[in-house]
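Right after this note come the structures.
Shared between the two complexes below is subunit A, which pairs with subunit B and subunit C, respectively.
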Partner chain A sequence: MDIMLLLESALNGALVGLMYSLVAMGIVLIYKSSSVPNLAQGAMVMLAGYVILAFANQLNLPLWVAIPLGIVTMFIIGVGIERVALRRLAGRPIIMILMMTLGIEIFLRAGSMTIWGGTSRPLPIGISDAPLFLGPLLINRAYAVGAGVAVAMFVLLVLFFRTRIGVVLRAISDDYTAAWSVGISVERGVALSWAISAVVATIAAVLWGSVQGVDQSLALLLLKGVTVAVLGGLDSIGGALLAGILLGIVEGLASIVLDPLLGGASRELVDAAMLILTIMLRPHGLFGRHDIERV
Partner chain B sequence: MTENTIEEVLTLNNVEVVYDYVSLAIKGVSLVVPKGGMVALLGANGAGKSTTLKSISGLLAAERGEVRRGEVKFQDQNISGLMPQDRVKLGIAHVLEGRRVFEHLTPDENLIAASAVRSRHDAARNKDRVYSYFPRLFERRGSAAGYLSGGEQQMLAIGRALMTQPKLLMLDEPSLGLAPFLVAEIFQILSRINREEGLSVLLVEQNAIAALEIVSHGYLIESGRIVMHDTAEALKKNPDIQEFYLGGAENKNFRDIKHYRRRKRWLT
Partner chain C sequence: MLFRQAGILHTNYTQDRALFPIPADRWMIGGLLLLAAAAPFYMNSLYLSSYMLPWLVWTAAALGLNLILGWAGQFHLGYAAVMGIGAYAAVHAQRNGVPWEIAIVLAGLTAAVIGSVFAFAALRVKGLYLALSTLALQFVMDWTISHVPAISGGTQATLQAPDIRVLGWAITSDAGLYYVALVWCVLVTTFMLNLRRTALGRALVAVREKDYAAAVIGVNSFYFKLVAFATSSFIAGVSGAVLIGTFYHAVTPEQFSVDVSIQALAMVIVGGLGSIIGSYFGAGFILLMPGVMNAFISWLTAQFGFSLGIETLAHLPHALYGALIIGFLLIEPLGLGKIYGNIRDYLLVWPFGYVKK
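== the complex of A and B ==
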């Protein structure tokens, strides 16, 4: 087999993987600030794509206006989700909150299907189709841009969690009751984490929308996002970044090596294997926090 | 207020708390913490001590509890309807049972997180103050709080409460699971803070011996009711308290104890 071909698909895989990380970071962000595994992140990405297109096509705004408007709208939607769906669940068993996020996922998908229908709409952000050349290797330009944005987002989030507000959010995720006892407004903290996560979803929506158009299949990014988030350790942003690269490379290689043998779908098989093996062998992922037990 | 010369920081009048709309946890608790005073609330497991504290700090809602009757007054203001963070802002700090530090945060970050209701400038000053009371926390400020020893975690929990600049500090079983010398050390620091800053303290304890050493007054709660209230000196001398909470009189032949003989006198 051609080593160059393998190298090329590994490299492009790593870049796609970083774009998965962008989805995973939204999940990690919410988990790190409220210990809620958010199963609605894929639908949030999809919704953000539709919202931007609504601003761009229905109101005829240029994209550079529609995207910031989409970010603001999604921020408000994130706050709204906490207010309407999650506030009354604070302090309840995590399984109820998990099911609620699943309910939100289904609601957003069904709702957008009703409003915008099932046809795929393009979201062109002006990245040319011409590949980049790295020596003899061809690199997809859109993936490269997406990967760059993912790394930038990683840096921003890491810095954010070192600020005072970031520390407060991490405290909330450690212990709701203790957070209340020292005057932290847990409700507002959770709302903020959903809002920021919705903004991250919007950025992911722009990049993924430009690659594959905006339709229901954007919501399926949830599966990649969850796999990457679990593999990296649910509360580690750096973990999400590295796990994304890892999953992307494995996927890229699998599609070259396994696809001819299996006749397709090897990417999905690899995803499933990674998710299941992580949970079986290393439940806290590559870099996730351990439960602290003192002896 | 009457012509009483002692000003109260906290007053509970006939407070009744129910969980889940049905189960009555405390049944008409009344108590007073004077300004700058140190008061103990003593009682056995399940007597309603923690519930009483939660009714003051507002943490009942998270456990589906509510104050159904009576009033909780802090500095002459009825606080029954306030959210926990608003009560913290007023100056009520609640150190939870079992320490409950933010395990994955460092002590430094624990203290920063606890200053959410205060300004950045105050936070820096309060942190210095906490480290001066608990130098050991300063030494361990960089490692995850979950790995601190039990005593250090209790110090951190108290320090975290101090970060909110309280006027009333409520502690729920700070001696739980700690070696006696650590209990002594922590209680000493508490009295020092009380003395130096005039901070009012409401101390909930099962360890009546240690608690009665540092407080001026004590309340005894049993099955959700206050059954006795007196000065610490008087409580220490009370034969019933000695029998049931101070481990009995000295020089006692344990073979002769017949529990059915003694009946708590307050149970008429």
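== the complex of A and C ==
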């Protein structure tokens, strides 16, 4: 086995992993503020892709108009989901909340295919296919751009959490009863975190849509997103970023090493194994808070 | 329901703890059983084999999931994988010459052993983390089944299931297969009805409500979670085997994918957590809904003279299915079983609604 090949796939894996962490960041944002594990994040990414395409293709808007419009639409949809579906479930058992997000997942996924159809369609954002060389290593240009955007998104979120609204969100995630008692509107904060995570989902949709086209497979990013979010610690955005890189590298190496042994498709197996191992060995993830209850 | 409880006085504990303490309930259950047993004589074979049969088998499966979800309170997102293990175990056993009656027990035992792996996740973590780890285990099981040729017979392969033989008697007619499903469903239902009255059932409920509190009063939550997972996996395994034997007649990995797990979960949620009659309602609702929806949509399009694309028609029932789950959780979180209970309680005292039941 060629060491250069391994290095190359690890590097590309890390870049893809950073794009996974875009999906994971959305999950983390919602979990931080309301302890709701959002299993609909993948479907939100998919819906965002379709919404942008609807603006671009059906209204014939240029992409640089369609993407901001898509972000605004998803912001509203995010607030709407929280208002209609999840606010009334506050305080209910976790089974109900998980089932609700699964219901939303099915509804969004099937709903967007009902409206726009299931055939895969391209979302070209003008990244050239020409390979990028880093010394002798060949890098996929789309992945590099995606990774850059993911890091930029992370920096933006960190800066956002230093603003006044961001401090409010941090207070809610720290202890929502205490936040309530000092006069913070917890409902509004939670709604805002859903909106932000819908916006992050839109950005993930643009990047992933340009890589693999917009279709149902975008919703399958959920498994990667959940794995990355749990591995990084469900309430740590920085953790999601690092865990994304880690999972990407492991996946990249696994696809080189394990695929010939197992006859392909080892990526999903690696994801599931990482998820199980994390939960068994370190349920609070790499950087999460330690107060997750053990039995 | 058209009866009163007035005058029914239980004078000892045995009477009070009977399965159906009210005589009218006993008569109704008897009548329903007779109707179910006589179904092949008044129902045409299409309804019998494509609606009644899957409904009964899925009800049995939903009851098994209800045991873990509604009674023990443990999340299980990999239920279909456990059913799949049972199905493959039974088919392989039969193909190697094991009689069906033994193969089906083997299926249950295999599923119980492997399903207990899920329990070890439950013993370490709970709530969300349990849900995620069972989901991951579902993916691992899917992958293992479809990528190990010894199990699935090669990728993309379909394994033909041999005919069911009970005591050397081949069962191939629609009515015969229906009776197999009916017997299994009645068995599971009886088990679940009695579970309520046993120490095991009460211990499971104690673990569900609060495992620390259960430990304080001397209930070993470790042991009872393991028992709950093993029992429900046994039911799942046999249900999977019966489903393959009586309905699909062939087994492929896709029949037990993660979507099917979510479907089973939807049956329990829509039916009502911990409700036995609810599992019947939930399974029927989830199974019949797509067909009814399709018929309804095509009626609508014909009525109003507009046409929908094929893709729209294919995905619309799914979207409505998601919307129904959302709607149930918002409006009646305890599902159809609770709605039935409300109607029953209302009618029991009608027209004196102010009387508490």
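Things to note:
Everything that follows uses one rule, which is that the second predicted complex is superposed on the first by the 286 of 295 C-alpha atoms of A that agree within 3 Å, B and C clash if a C-alpha of one lies under 4 Å from a C-alpha of the other, contacts with A are read in each partner's own complex, and residues count from 1 in each chain.
The rule is simple: a residue touches a chain if its C-beta (ideal position, glycine included) is under 8 Å from a C-beta of that chain, and two chains touch if they have at least 3 such contacts.
As the structure is a prediction and not an experimental result, all values here were calculated from the model.
In the superposed model, A:S185 makes contact with subunit B only, not with subunit C. Of the two partner chains placed by the overlay, neither subunit B nor subunit C lies in contact with A:V155. Once chain A of one complex is fitted onto chain A of the other, the partner contacts of A:R289 are limited to subunit B, with no touch recorded for subunit C.
When the two complexes are overlaid on their common chain A, residue A:G91 makes contact with subunit B while staying clear of subunit C. In the superposed model, A:I76 lies in contact with neither subunit B nor subunit C.
In the superposition on chain A, A:A171 makes contact with subunit B only, while subunit C stays out of contact range. By the document's definition of touching, neither partner reaches A:L132: not subunit B, not subunit C. Between subunit B and subunit C, more residues of subunit A are touched by C. Overlap of the subunit B and subunit C contact sets on subunit A: residues 292, 294. Note for the complex: subunit B touches subunit A at residues 57-59, 62-63, 83-85, 88-89, 93-96, 100-105, 109-110, 112-117, 120, 123, 144, 146-147, 160-161, 163-164. Across the complex, subunit C is touched by residues 37, 85, 88-89, 92, 94-96, 98-100, 102-111, 113-115, 117-119, 223, 226-227, 230, 262-263, 265, 268-269, 271-273, 275-276, 279-280, 283, 292-295 of subunit A. Those residues of subunit C lying in contact with subunit A across their complex are 69, 73, 75, 121-129, 131-133, 135-137, 139-140, 143, 147, 155, 211, 221, 262, 265-266, 269, 273, 309, 311-312, 314-316, 318-319, 321-323, 325-326, 329-330, 333.
Within the complex formed with subunit B, the residues of subunit A that make contact are 90-91, 164, 167-168, 170-171, 174-185, 289, 292, 294.
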